[in-house]
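Each remark here refers to the structure printed beneath this line.
The letters A, B and C name the chains in turn, as written, and every chain counts its residues from 1.
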Amino acid sequence: MGKIELTKVRKSFGEVDVIPGIDLVIEDGEFVVFVGPSGCGKSTLLRLIAGLEDTTSGTIEIDGKDATALPPAKRGLAMVFQSYALYPHMTVRKNIAFPLKMAGMEAAEQAKRIERAASVLNLTAYLDRRPGQLSGGQRQRVAIGRAIVREPAAFLFDEPLSNLDAALRVGMRQEISELHQSLKTTMIYVTHDQVEAMTMADKIVVLNAGRIEQVGAPLELYHTPKNIFVAGFIGSPRMNLITGNEAAKHNAHTIGIRPEHITVGDGPWEGVVGLSEHLGSDSFIKVDVAGLGTLNVRGTGELNVHHGDRIKLAPAGKIHRFDANGLAI
Amino acid sequence: MSTHSSRLAARLMVAPSVALLLVWMIVPLAMTLYYSFRLYRLISPERAGWTGFTNYVWFFQSPDFWLAMLNTLALVGGVLVITVVLGILIALLIDQPVKGQGVLRILVIAPFFVMPPVAASILENLFMHPQNGLFAAVSMGLGTQPILFLQDYPMWSVIGIVSWEWLPFSTLILLTALQSLSSEQLEAAEMDGAGAFSRFRYIILPHATRAITVVILIQTIFLLGIFGEIYTTTQGGPGSASTTLPYLIFKQAIVAKDIGRAAAGGIIAVILANIVAYFLMRGIGRHLDA
Amino acid sequence: MARAQSPRRTALMTLAAWSVALIIFFPVLWMILTSFKTEVSAVAMPPEFLSADWTLDNYVEVWARSDYPRFFWNSVVISVGSTLLGLVIAVPAAWAMAFVPGKKTKDLLMWMLSTKMMPAVAVMIPLYLLFLKLGLIDTKIGLVIALMLMNLPIIIWMLYTYFKEIPAEILEAARMDGAGLWNEIVHVLTPMALPGIASTMLLNVILAWNEAFWTIILTTTKAAPLSAFIASFSAPQGLFYAKLSAASAMAIMPILILGWFSQKQLVRGLTFGAVK
């Protein structure tokens, strides 16, 4: 019901090729996350799928039908905007009813769908309020409600959580994931936050400068990144990348090792502790190792090391190897 | 959001405005240009014919023309100076913590909403009239002769009337600009050791410069076309003493009924306005919200 | 500045500010006072204030003139009519330029602005002759058209700045919700833009009411609005001072009142959005 296929989709603004060419298949029911740094084209890609921008060339198929030339209203997709884009002069009820009204649905059917959406999203008490009277999280839910009632082929989320504070973000993240579990509709979700990507996605699409760097399940990207960009983007703190002699020892131009895969104690790498951050549950330290540079190390629990200490480190996990072009070997 | 369909719709929606403004501008302008090269007087329409630059030459050789240019310059320049200088001072004054600021603003703004004929008429008759006006009463009270404003100082009288009308505009704009100045900036300056005058010179004045520029540019647009006040009071006189360029053209058209000449005057006015507009666009274009 | 200042300084500032304000307002005040005096009282030297004879006769007599109510009505029709006509043409244009801007949009706006700078005298003759030929001289409709064209740049500019403040995402959401252009304008854009449209109307009604060039040139007797009337009859043979004051007071009162509510719109509208 919600399969979306992009074939050689290209988008340029004037002379600038924002998206040089993308091929992508999104299966029905998948939760796909487009992730990447600012300006990588993820929002543009979403808007192309939505129909809010025209493609320069290429085709977009929704459920087997060519939707490239269709206006947004006819694609059967619903979008949740970053700023929620609620109609400020309408009540919550009217906001949610609007797409149904535009579709010419009967009032009775409209009411039924609105009630259902409101109860799923805990909005029943707010139906007669205006957006201006709601909190950020509530507005977020109204925006989702407006999308749900249309029973679309797919939901499109454009960085929906970036305007919420940290605590609220975690809660809403889980709510959206639960929504996906219950509705089982395709969801395409754009974010720059790789934590959101890792926790919510069935499939992650990592974008960089308009190109797809890698597509895969979250843990697939974590364990086997195809290139340095993906390796550095997924995982927090960033993977340590080491060039030079140490890399040559492993037959590679660059090697990478994640901070959580380094142990403190005995090992081949000796260095001096620089910055150390102790959170109680984890410790993050920066160690200056001769010949390798500064390594980020993560330890569970409390690590009893402090600024200035001389310590030894050992790799205790996968060492990723990359060639001179940045590709994984 | 620009898709093919919305771009086409957009062009259609702008079309009527563009078409109307084009017609409003181009067609009459072209006709004026045409008339300016012709001999055409309404009293003897049968003698119409091509006359080349005769009409233009008349203007450049006419002392009335140069006087009108001077008067126009005096009007625009005089009003600008008066309204901007006084405007800043009054805006600064009202911006202070004074009681009843709301009512103060209403009082100061009122003259702008008085239509030009009324403003002119009231100031002429109730104030400047040599027998019955308030200024005459003041003179008599002081034992001096009442000043014959419209007779002896016609251009200054017009400048005075127009300044009174436009002072509220500049005050309001400058007051708005002053009040948009964040108090935090001034507080930071105070912590940096700046006294009241320094704060005015280095913080308030630069911030207000943009508004002052806008005031000058906008007022110039409107001041170049001042008409109603002159028509109501002096009718450009005595003689041509208070005739500005627009009024001169009006006199040629309506009083002398010389269409050809008036058209030439109109073209001269357009050229001058374009020169002014060029500098206006350079200045104001930067500041506008486009 | 939120700190307290000495009560003496406040008092001094307040005195200065009020003095200046009253001086500026004084001609209006004096006019209103004079309108309630008898003619004799109005021209008395030295001017009478508390000792004057007060009367309402002036208002009654001016209004009872056969033509004054007609001039008043003309002003209403012409200012409201030209503004409404202008809005009908300007709203779509401003919408298009605010939400579907092209490369030329900024130039287009600047050009529209520049048409306002063209001296009216340059087009006075052909327009007068054209109006004469079309029989539009001294007609309300003729004046409505002329004033609408005069104010069209300002109306478009003001609407443009108000429309720009509407988040584009809301209109995109409406598109995604299935609203076509018509529905988008009716259900989403207009309700959100209503305050801006009202402000634009307010300012332009004021500008049209006070217009004193075309209203004088293009009318004689039948369609003359108040501006033309006062301009032609201000020579004191037609009206004595008290009646002149009454006629003037009635002519400006509606606009004074409207104007007091429209200060913000004035700033935005007449500075073409540069100062807000």
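In this text, a residue touches a chain if its C-beta (ideal position, glycine included) is under 8 Å from a C-beta of that chain, and two chains touch if they have at least 3 such contacts.
The model shown is predicted, which means the values in this text are computed figures rather than measured ones.
Nearest to the overall CA centre, using the mean of each chain's CA atoms, is chain C. Distance from chain B peaks, on a Cα-centroid basis, for A. Averaged C-alpha coordinates give centres for chain B and chain C that are 16 Å from one another. In whole angstrom, the spacing between the mean C-alpha positions of chain A and chain B is 58. Note: centroid distance chain A to chain C, computed from Cα atoms, is 54 Å. For chain B, the set of residues touching two or more other chains reads 1-2.
Multi-chain contact residues of chain A (touching two or more other chains) are listed as 51-52, 71.
Of all residues in chain C, those that touch two or more other chains are 172, 175.
Against chain C, in their complex, chain B makes its touches with residues 1-2, 6-7, 9-11, 13-14, 16-18, 20-21, 24-25, 27-29, 31-32, 35, 90, 93-94, 96-100, 104-127, 131-132, 134, 136-137, 140-141, 164, 167-169, 172-173, 176-177, 180, 183, 186-187, 210-211, 214-215, 218, 221, 224-225, 227-229, 231-233, 245-246, 249-250, 253-254, 259, 262-263, 265-267, 269-270, 273, 276-277, 280-281, 284-285, 287-290.
On the chain C side of its complex with chain B, the touching residues are 1-2, 5, 10, 13-14, 16-18, 20-22, 24-25, 27-28, 30-31, 34, 42-43, 45-47, 89-90, 92-93, 95-97, 99-102, 105-106, 108-110, 112-130, 149, 152-153, 156, 161, 164, 168, 171-172, 175, 181, 206, 209-210, 212-213, 216-217, 226-228, 230-231, 234, 236, 241, 244-245, 248, 251-252, 255-256, 258-260, 263, 266-267, 270-276. Against chain C, the residues of chain A that register as touching in their complex are 50-52, 71-73, 77-79, 81-83, 85-89, 98-99, 102-103, 146, 150. On the side of chain C, the complex with chain A involves touching residues 167, 169-170, 172-180, 183, 187-188, 191-192.
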